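One chain, subunit A, links the two complexes that follow: it is found with subunit B in the first and with subunit C in the second.
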Partner chain A sequence: MTNFIDFLLGGFSNGAVIALMALALVMVWRSTRMVNFAQVGQAMFTTYIALTVQQSTGNWLLALAVAMGAGLILGIVVFFLVIRPVKNSDTTGAIIATFGVLIALQAGAGMVWGGDPEGFIPPVSNAGLEFAGRIWPVSLYDILVWVVTAALVIGLTLLFTKTSLGLSMRASAFNPEVARLSGVRVNRMLITGWAIAGATGAVGGVLIAPVSTISPNSFDILLVFAFTAAVIGGLDSLVGAVTFGIGTGLVISLVSGYTDASNAPVVALVLLALNLLLKPDGVFSHHGSRSV
Partner chain B sequence: MLLIENLSVSYGAVQALKDVSIEVPHGSVTAVIGANGAGKSTLMRTLAGLEKPQSGQVTFNGEVISGRKPEDIVRMGIALVPEGRSTIPELTVEDNLKLGGMWRSHAQRNASLSRVYTLFPVLSERKSMRADTLSGGERQQLAIGRALMTGPQVLLLDEPSLGLAPLIVTQILELVARMAWDSGLAVLLVEQNATVALRIARSGVVLNLGEVVKSGPAAEIASDEELRHAYLGY
Partner chain C sequence: MSNLTDVKNMSNAQKLRTFPGNRIVWHAVIVGVVWLLLLLLNNNIDPLYSSYLALVAMYATAMFGMTILVGFSGQVSLGNGALMAVGGYVFALTSMNWQTVPIFGWEWNAVWSMVFAGLGGILIGGIVGGLAARLKGPYLAGLTLGLAVGVPAITNRFPELLGGENGLMLTVPYPAGGYAASEIAGGAESGAETSDPNSDAGSDAGAAAGEDQYAELDLSEFDQGVDASTDPNATPATEDLLTEGDLLTLDDFSNGGDLGLESADPAVEPSVDPSVDAGLEPGQDPSGITDSFDTGFIIERWQASMAIAVACLVAFAALNLIRGRQGRVWKAVRDDPIAAAVVGISPSGSKVSAFVVSSLFAALAGAVFAQILSFVGPGAFSLGLSLSLLVGIVLGGRSSLLGAILGALIIVWLPELVDGLAGDRGWPDQITNNAPNLLYGLLVVAVVLAAPGGITGTVRSWIDKSRGKSRSPLS
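Take a look at the complex of A and B:
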């Protein structure tokens, strides 16, 4: 039982980061009805930028802010470079193009920062906290990860539900034609969606870096987990992405704890397959049907 | 005034509109009637900027609007209520309304919102409910309400009677006619239900296979039996 609780507690931080990456995938899906496989590549790239900032200034908050800004810009750049030219002709082409961007970003990062894994120093202690006579699998840094994730999720929720920009973005996702007829500049909303997704992914990258290492390919596995969470959540539901992002983190932690860490991706893919067999629209989907 | 001059639109090889000219003056309803496939919806979608004209032009108070984007046309004061009660079912009634005219000032939008709630009290009662919980008639009111939120000078109504009970159709259309009269709105109404449309309109246009076959005072068209038999099928 103690093991079980430890594994669960240990899974929350990973779950939070998976939730952020899943959120990024969902925001892109909502704006342009496609999966951006370059999302983790963008996060990896902005995390390297954050690493550079942290190494030269020692300021973690500044590094996080720079990564978010870089994520916004990179989201817009990817939209214009790849999505715009192919979008009108066919979505499949655009999705494949995002794989191209992923590979280009990984190669680019390798050229700039080298291929060796680098450590990212956490701003607060990464050691398990001692409480009630034992050491728990929760560190100060874990708590920081939860707080930043919660703040970002609350911020995004307020943005989407309480502001005019959020209403315009939701309307553009649900029904672009009605949105345009109401005066919404839908194309700008799509770009905004990609930009916010880029910044969200960037935060996820900076948060996960100190507990893993960073290399051009180190976030690849994150894509598998985030994609699983996003699809199970219904691909267009922000609530679904967060819920199943954290859920995926917990499952991975349990699987890794009781068996072996190398089984985690397999379990994620099995969950994904089961979801597509039993409830292909996802659990939180707004729509009656969707094609995967 | 909205002026449509020699407008032609085609979808590939299919000519949907041929040399159509219509004047839509302020302060009254102009009805476009015709059978299925007459090109009525194409006309409305082209006016709103959703389709590009092949030739001809549309001007509003002397400014050319044809060929512009829908989001720019609505900002100039021309609002379309598309066919099929196009509300966004996932959003609440109030969010559907607030979506209209987001570029306008806060004060203007609040004034429009309270005006819409006065015109359609049922929308005020249901403002925090999702739009898909509304009945067909309520949803049509919501669609018209959203168009009014953009502060239009021209209202384009595409087939508002579709699937609604006759009593509700009469109510909605009479309200629209009164609005045109009271606030100088120019209304272009497209209808298959010619009887109701011609009753509230000042002038009428009969469209057949993409061409104007007759235009004139609504009463004149309503009483033209030959025309009715030939193009309207009753």
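Take a look at the complex of A and C:
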């Protein structure tokens, strides 16, 4: 039982990061109805930028802020250069284009920072805390991850529910035509969606980097986990993305703990396949079943 | 063209295209001629280029499947690298175990291992395709992305069976008959084969004649060589040769054009006109049949001829599929699933069939890859492999087989080009190693935005435009 609790606690910070990545995927899906497979590539790139900032200034908060800004800009750049020009009818082309961006970003990062995995020094201790006579699988850094994730999720929730920008964004996601008729600048909302998604992903990247290492391909697996979480959550539900992001993190932690870490991708694959078989529209989706 | 008078009014070319029987013969002729030209090329280039040729043929085999899946059926899959892993591992496992213990008294044969690899691909492809048929667009891409990441990870799950991170080394079974063909048998064989596909006489005689001769590089040899090795006299020689074959690779590079040219196996390729073979026989260099066996066998050539054989057979199958009824069914479902369902086509059935066909091709390519590398391992079948297959067909042209071939050429050639440039200019490794991928990524985005048909689609639309026709670059 102690094992179980330990594995569960250990999974929360991974789950938080998966939730952030899933959130980014969902925000892109809500704004442009496509899955941005380059999302983790963008996050990887901004994490490298954060790494550079941290190495030169030693300031983690500054690194996080720079990564968020870079993620924002990168999201807008990808949107303008790639997503907007793709014709709406060519969904196959749009998916392929995001993979093209992923390949280019990974190669670009490899060119600038090299392919070797690099460590990211955490701002606070990464060692397990001692409490009530034993060492728990929770570190100060884990708590920092939870706090940052919670702050971001609460901030996004407030943005979407309490501000007029959030209302406009929800309107253009829900029905672009009607939103446009009501005077919402839908295009601007799409850009905002991509920008916020980029920043959210960037935070996720900076948070996971000290736990794992960072290399151009090290976030590939995160893409699979985040996609799994986002799809199970329904791809257009922010609540779903967070819930199942954390859930995926816990399941993966349990599986890794009881069996072996190499099983994690297989488990994610099985989860995804089961979900797509049984409830292809996700648990939290607002939409009815697809035709054909 | 149901009406008889319509048929009478057609030109011969139209008749060729209309009647399935004629079309198959026509495709067989095309593929057969290409096969012969490729073998001719393979036997007259530097062995280094033969190894590139082998890789191109291997990539093309897998990309033919991608053409059908992505181009014709409209399903973006990243799982084909994983399906190649299935083929490669099935090939490695069957050949490793079968080589030591004959099953039901049958000796192991590389062709059987390839068949099993193909069956493995069909099985896994059927399962994944069944799931895939319920999905569309990004869901399918995400699921197959999971496959590409998850399947190589499975090898870590079974370290004893699959070798874990280190993979499996396999003894690549060089055709025993290749070493054994004597001067006389070698000459007689090429004649005998065109006339009688079932004749083992050539290689039997060759096996008896001893090991110190040169290699015949052909899929049929592959068969017959192992047949010959069931002969008790020949069996020990086969084992000797397997080890000696490895040593051979080192000192073969100078002996370029020594190999005999073999015709396409008539049993597999019925349409190849014997007269075409006869015409090519003078190309065979009699002086190449030398006494010393270390001048003959060039492993790169053998690998290339094997990869070409598989690629040509797969291309033949793919040509018949996409230019026949099934191709039209796939396109109909891709363009409008609801309309297709209205005319009685099952959209999910069509998607599953495309998936199964493409995974069969991927598995065969994986088996070829395993033989080229003499190795299977998770690193060889990474997400990068799946991505490069996608990149290849998008750049080459995602809705034609020629596009797949061009894509395979680009995937193999571009890194070499960059390497060459980098060597001249003294770029650091960090730049050189990543430059091809950066180019691929940017090119893919550019092609999707500016020329969605890739090279072949764009060229075809230019031709159509100059003729005053208009057609979608993706049709």
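Operating definition for what follows: the second predicted complex is superposed on the first by the 287 of 292 C-alpha atoms of A that agree within 3 Å, B and C clash if a C-alpha of one lies under 4 Å from a C-alpha of the other, contacts with A are read in each partner's own complex, and residues count from 1 in each chain.
Here, a contact is a pair of C-beta atoms (placed from the backbone, for glycine too) under 8 Å apart; a residue touches a chain by one contact, two chains touch by 3 or more.
Note that the structure is predicted; figures quoted are calculated from it, not measured.
Novice: With the two structures overlaid on subunit A, would subunit B and subunit C clash, or do they fit side by side?
Specialist: fit
Novice: Where does A:Val211 make contact in the superposed view: on subunit B (first), on subunit C (second), on both, or on neither?
Specialist: Touch partners of A:Val211: none, neither subunit B nor subunit C.
Novice: Of the partners subunit B and subunit C, which touch A:Arg170 in the superposed model: first, second, both, neither?
Specialist: The answer is first: A:Arg170 touches subunit B but not subunit C.
Novice: At the Cα centre of subunit A, what angle separates the centres of subunit B and subunit C, to the nearest 10 degrees?
Specialist: Seen from the centre of subunit A, the opening angle is 100 degrees.
Novice: With the two complexes superposed on chain A, say which partner A:Val82 touches: subunit B (first), subunit C (second), both, or neither.
Specialist: Only subunit C is touched by A:Val82; subunit B is not.
Novice: Does subunit C touch more residues of subunit A than subunit B does, or is it the other way round?
Specialist: So, of the two partners, C touches more residues of subunit A.
Novice: Determine, under the contact definition given at the top, whether A:Ile73 touches first (subunit B), second (subunit C), both, or neither.
Specialist: Once the two structures are laid over each other on A, A:Ile73 reaches no partner at all.
Novice: With the two complexes superposed on chain A, say which partner A:Phe37 touches: subunit B (first), subunit C (second), both, or neither.
Specialist: So A:Phe37 only meets subunit C here.
Novice: For A:Gly93 in the superposed arrangement: first (subunit B), second (subunit C), both or neither?
Specialist: So A:Gly93 only meets subunit C here.
Novice: One more residue to check, A:Val186. First (subunit B), second (subunit C), both or neither?
Specialist: First partner only.
Novice: If you've got the overlay open, could you tell me the nearest Cα approach between subunit B and subunit C in whole angstrom?
Specialist: 17
Novice: Determine where on subunit A the residues touched by subunit B overlap those touched by subunit C, and list them.
Specialist: none
Novice: With touch defined as at the start, can you tell me which subunit A residues reach subunit C in the complex?
Specialist: 34-35, 37, 81-82, 85-86, 90-97, 99-108, 110-111, 114-115, 217, 220-221, 223-224, 227-228, 231, 260, 262-266, 268-269, 272-273, 276-277, 280, 290-292
Novice: Residues of subunit B touching subunit A in their complex?
Specialist: Touching subunit A from subunit B are residues 48, 50, 69-71, 74-75, 79-80, 82, 86-91, 95, 98-103, 146-147, 149-150.
Novice: Quick check on the complex: what are the subunit C residues that touch subunit A?
Specialist: 70, 74, 76, 78, 131, 134-139, 141-143, 145-147, 149-150, 153-154, 156-157, 337-338, 341, 347, 383, 387, 390-391, 394, 430-431, 433-438, 440-445, 448-449, 452, 474
Novice: Under the stated contact criterion, what part of subunit A meets subunit B in this complex?
Specialist: 164, 167-168, 170-171, 174-175, 177-186, 286
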